[in-house]
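Order of writing sets the chain letters: A, B and C. Residues in each chain are counted from 1.
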Amino acid sequence: MPDAKEQELNSIRKKLKEQLVSHLSLEDVDPAKIKDDEILFGEGLGLDSLDAVEIVVLLQRNFGVEVKDMSQGRKIFYSIETLANYIYENQKK
Amino acid sequence: MPATDIAITGLGAISAAGNNTQETLANFSSGRRNGGPVTLFKTELNYPAFQVQNFSPLKPEAMRSLNLAFYAAEQAISDAGLENGFGSLRIGICLGTTVASQLNDTDFYRQYRQNQTAPMDSVERYLKSNLAYELAKFFKIRAQLCTTIVNACSSGTDAIGVGLSWLRNDYCDLVIAGGADELNRVPLDGFGCLSVVSKSLCAPFDRNRSGLNLGEGAGIVILEKTNLACKRGKTPALFLNGYGQAADAYHLTAPRPDGSGLKQALEQALKQAEIQPEDITFINAHGTATKDNDLVEGKTLAKVFGPQIKFLSTKGFTGHTLGAAGGLEAVFTCLGLRENWIPANAGFQELDPEIGIAPVNQITQIKGNYAVSTSLAFGGNNSALIFAKN
Amino acid sequence: MYIAGMGIVFNRGRGLTNLEKALTQGWVKPNPVYRVPAEALADKQVLKEARRADNLSKMATLSAFDALADSGLPEKSKSNLGIILATAFGPHVTTFGFLDDILTYGDAQVSPTLFSHSVHNAAASYIALNLQTRGPTLTMTQFADSFQQAIILAESWLEEKRCEYILVGSVDQTGKVMEYICSQKLKLAQDGRIKPFSFSPNPAAVPGEGSAFFLVTNNAQYNKYCSISGLPAEDQEKDDLYILDSDGMCGDETLYKKLGQTNIPLVSYAPIFGSMLTLSSFSCMAAALMLKNQKTYASPIQDNPHNFNILTRHQTLAVHKIKCLRYNCYQEELAIRLKTE
């Protein structure tokens, strides 16, 4: 039985996938088919620098989470997993 | 010997660096930077900006961008000795802007959003804000050609390049060219959310640069066929020789990393001016102080002109004035050639090893006859102008 | 300067075949304004680098692409190809979207994507990006003069050999806020009929949108349609036809009456495209088709209270020189001349 943290993370991942698809106009992508370890930039979803700053706004609006230092962006935005973890960690605060 | 067929007979400039060219030179010389908090409008953001101070609009009911343009144009026209009219000269007007072209009045939209109706005052103002038209009307000029360039950050440079093209093809005899933009909430919010705005005064080309500051102003040059300027008793000393423009075709907001667009624009400008890179005595760079722009631009300038090239960004004195930038920097480049010195690159402290070259960090005497002004725009436009003196 | 290729996106769809069909079919009541149908913008292949593009950028990219394709120019021509885009109002739908963001979320949580698409030159950037052209690229705005100024600049650039080929065109869009503004600033035609020959001091308009692009060059080898110029005429040759942009956008149209008095046949295709300050690009495209096909199309709306000489039926006949005309909001005449060469 998944614990509360894993349930919360699941919920964040699901919401994140849906919001990335709608907010970033990823028309041909089915949120349900995005893997948890899907890499966001480059090979995976193929996002770029404009998407990165758009995701910052998405996190602020929809999760109440800030990214204060964009130089940390590479680590935070690496995959759905890392992004969900970041949201989870910073939402608690 | 530089080509001397198209002269620059008048200069006008207003920005945070000074309300005319004399004030600007004084601030360049002292190194005084007039950046500070935004007071022109309410904002939740805490970024410094470079606002024009002590400025009395010539037409208070018009948009601020228009008034900045009128102010600089009046100086340039007077500098050219044309304050009593243009006689039988065929006139072209080509100006660049960003803010004046957009219907972006927040109050209007707030009311419309709430009520599905809104008063039309700001729309009326917008419809009377086409820079080129309104300048023609204000100065009672019957222009042969009149157009407004909206090429984001290279608009002013491109407007001057269009003027050169018109004159070389004999479509007119004189062109009032440059750019104007006011500090406005929309670009402040926009550049802010792109994470390219600095919370401190900008440091172009510096290793620790953290983004741009917005500014406002207008820079206008009078371009004139030299033979006609001489006919009316002028002895021009400054000339416009070349213009190059090329697209990155890479990304809407990021410059092409290899700088090939800028390189192409520079090569075109040099070719039109019939000179070599080693003939260039200094460069007024775009130098916005963003990580991306300064890296690409700095490396490209080093590649094209060699590591010894003297260059600077004047945005440490003016902020990034968007559509006005190219116009202002054309004026500053001309001033450098005329006065034989260029100011320090305000804000610069430490070489960025990734860029590999450093701008001038003190007042620098210059010799030589040619200088370049570059602009790199949102959307991937790269523009370069080449100025010369006799 | 010759027209080597043309591309169009307008309320009846995309492409020259749809344009010819529309000119042949005549007037169809707009519903209630002249909007570009969504299916006309669905082309994932051409728009492969336009995931986030708004409709304005998509319209411009598709019509520019089609103009290049229509020209049959070889791939290597792209290294010597410039872009000049004319727009009267730019991406106002996106601009208002950005203002909406500011009001909803505050200054610090606005969408960078919306902002970067709210600048007038975004559409031209998308053209360069999707067509992979690296030449000079410029956007200009001059209300009703926009397209004529773009044509003049194209002539200037080709004359000084800045590039060998240019994609020159226009794009403008409708939108809820702009339609509201039009309802306040203009007289809107309640029956959907733009009446171009009423020459009224208070003419009626119906807002339209679309994009029309031309591939132009001084290389006569690629002259597929005709020559085009926005500069003052050097010859005294008589025009065979005037195409009028009397679409209700610029107020008082009584000045057009003097054209009727010349007895040169008049026509207007404003009722096909809708009222737009950049209508002249569409009028020029109709002119170029007529010159190529040696065929004229009837006026879609033929209300003619002044009994001027207007085209009332489609005809196959020799036509050599056409002038596209508008009087702008300052009552200045803007003319673009097209002729067979």
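Rule of thumb we're sticking to: a residue touches a chain if its C-beta (ideal position, glycine included) is under 8 Å from a C-beta of that chain, and two chains touch if they have at least 3 such contacts.
The model shown is predicted, which means the values in this text are computed figures rather than measured ones.
J.: Have a look at B-C versus A-C and report the one with more C-beta pairs in contact.
T.: Spelling it out, more C-beta pairs touch across B-C than across the other pair.
J.: Centre to centre, using CA atoms, which chain is the farthest one from chain B?
T.: Farthest by centroid: A.
J.: How many Å are there between the centre of chain A and the centre of chain B, using C-alpha atoms for each centre?
T.: Measuring from centre to centre gives 39 Å for this pair.
J.: List the centre-to-centre spacing of chain A and chain C in whole Å, with centres computed as mean CA coordinates.
T.: So the centre of chain A lies 42 Å away from the centre of chain C.
J.: Rounded to a whole Å, what is the gap between the Cα centroids of chain B and chain C?
T.: Their C-alpha centroids are separated by 30 Å.
J.: Which positions in chain C touch two or more other chains at once?
T.: 52, 108-112, 116
J.: Among the residues of chain B, which are close enough to touch at least two other chains?
T.: Within chain B, residues 193-195, 251-253 contact more than one other chain.
J.: Residues of chain A that touch two or more other chains: which are they?
T.: Residue numbers touching two or more other chains: 50, 53, 57.
J.: Going by the contact rule set out above, which residues of chain C touch chain A in the complex?
T.: Going by the criterion above, the answer is residues 51-52, 105, 108-113, 116.
J.: Which of the residues in chain A end up touching chain B in this complex?
T.: Interface residues on chain A, with respect to chain B: 48-50, 53, 56-57, 70.
J.: Which chain C residues qualify as touching chain B in the complex?
T.: Where chain C meets chain B, its residues are 52, 83, 87, 89-90, 92, 95-96, 98-100, 102-103, 106-112, 115-122, 124-126, 128-129, 131-143, 145, 149, 152-153, 155-157, 159-160, 162, 177, 180-181, 184-185, 231, 330.
J.: Can you list the residues on chain B that touch chain A in the complex?
T.: On the chain B side, the touching residues are 193-195, 251-254.
J.: Per the contact definition, I'd like the list of chain A residues that touch chain C in the complex.
T.: So the residues of chain A in touch with chain C come to 24-27, 50, 53-54, 57, 60-61.
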